[in-house]
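Here the structure is laid out as structure tokens; the discussion comes afterwards.
Labels run A, B and C following the written order; every chain starts at residue 1.
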Amino acid sequence: MCLMRQSHGTLELVNKGRGLYAITSEVVGWVGASTIADGLLTLFIQHTSASLLVQENYDPDVQADLERFFARLVKDGDPLFAHRMEGPDDMPAHVRAALTQTQLAIPLCRGQLVLGTWQGIYLYEHRFAPQRRKVALHLIGA
Amino acid sequence: MCLMRQSHGTLELVNKGRGLYAITSEVVGWVGASTIADGLLTLFIQHTSASLLVQENYDPDVQADLERFFARLVKDGDPLFAHRMEGPDDMPAHVRAALTQTQLAIPLCRGQLVLGTWQGIYLYEHRFAPQRRKVALHLIGA
Amino acid sequence: MCLMRQSHGTLELVNKGRGLYAITSEVVGWVGASTIADGLLTLFIQHTSASLLVQENYDPDVQADLERFFARLVKDGDPLFAHRMEGPDDMPAHVRAALTQTQLAIPLCRGQLVLGTWQGIYLYEHRFAPQRRKVALHLIGA
């Protein structure tokens, strides 16, 4: 048995506006730079108009279809919404974030995140304009 | 390196029925009363007709708009639903809970939860009537 | 204070196609077989067309109603979707997974998961055909 330890970090990610962005390699890189081989990784996005998802990483159509589904489900500029300070995509971005994830926990086993073969980690940007986003990372284990 | 330790607790929260209730200060207070400064906080709501959310904490319109969106998406009294034991808001409450979160994990770094500037922690009550809800808390770290 | 330790495992679950499957007893059995009594359990499903949920475990109508809701919200064979490699339920399965959970964290306190009285843990299969699914388990604690 080894003594447990933990590690904190932050990914700073610049994007080009609405859509899914694969961040698996950035996350795997950060985990690999730690000396912890077994434990629990937590990702926490520090925003309410972008979110996190584990999704299919093979066919890019999946990401495009997912975005089309959300665009139809949560209409930009919907008159239902009173909160429009930052434009027609402002409140829909908060709703999309509520329907997806602010945080993800992924076990780490023998140096590998337990992602399935076709699973990738994505940042889902919900605003139209390019954004700089921060994802806090925490790893606990041995 | 310090020895890891952990702490369990429960928040008991009385509300006035359907809507979002900020619980950030209760959560921060519980975390602050522990001697753990770095670690992982988990919140787990022990109900299936209320849920947890991280959402925008600045403009109250966001919370009202979110509720309006869910009320339109998951109609109370929808004849689609067979489960109506406790009224027209019974099954919609379970669906809303499925679409949001039962649990949240938030890293704690140097005594601070890594919440972004505009992020608050909310209990989202889905039943019409006032409820008493329990949120289990767990903190592991050093 | 006891030394922290951790445990990894995998549940292999065969199902009969689309619907909710209770996995509480399998999860509780795995946790009970460990020597950890206080800690944090994480479940992570290694697929993007099935997901995890905590839901009502009393009235089977709840599970049937939930499925009816999702079937209406995310139409199989919707012409909106370009990704149809594996049939009309392929892309809807990914969308349903995005709207529910890939992972769950549940605190363990004195040998008991902190589930509420009416809460059960479910694997939600989104494909029509029977599937074999893997859920990675991780427990950290003392």
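In this text, a contact is a pair of C-beta atoms (placed from the backbone, for glycine too) under 8 Å apart; a residue touches a chain by one contact, two chains touch by 3 or more.
Values in this document were obtained by computation on a predicted structure and should not be read as measured data.
> Give me the rotation angle that lays the C-alpha atoms of chain B onto its copy chain C, rounded to the nearest 5 degrees.
So the angle, rounded to a multiple of 5, is 120 degrees.
> How would the chain A/chain B interface be labelled, same or different, where same requires over half of its residue numbers to be shared?
Since fewer than half of the residue numbers are used by both chains, the interface counts as different.
> Taking each chain's centre as the mean of its CA atoms, how far is chain A from chain B in angstrom?
19
> Would you please write down the residue numbers of chain A that are in contact with two or more other chains?
3-4, 40, 73, 99, 101, 105, 140
> Help me check something: in the complex, which residues belonging to chain A touch chain C?
Touch list, chain A to chain C: 1, 3-4, 38-40, 53-56, 59, 61-62, 64-66, 68-69, 72-73, 99-101, 104-107, 109, 114-119, 140-142.
> So in the complex, which bits of chain B are touching chain C?
The touching residues are 3-6, 8, 40, 42, 44-49, 73-74, 80-83, 85, 91, 94-95, 97-99, 101-103, 105, 134, 136-138, 140.
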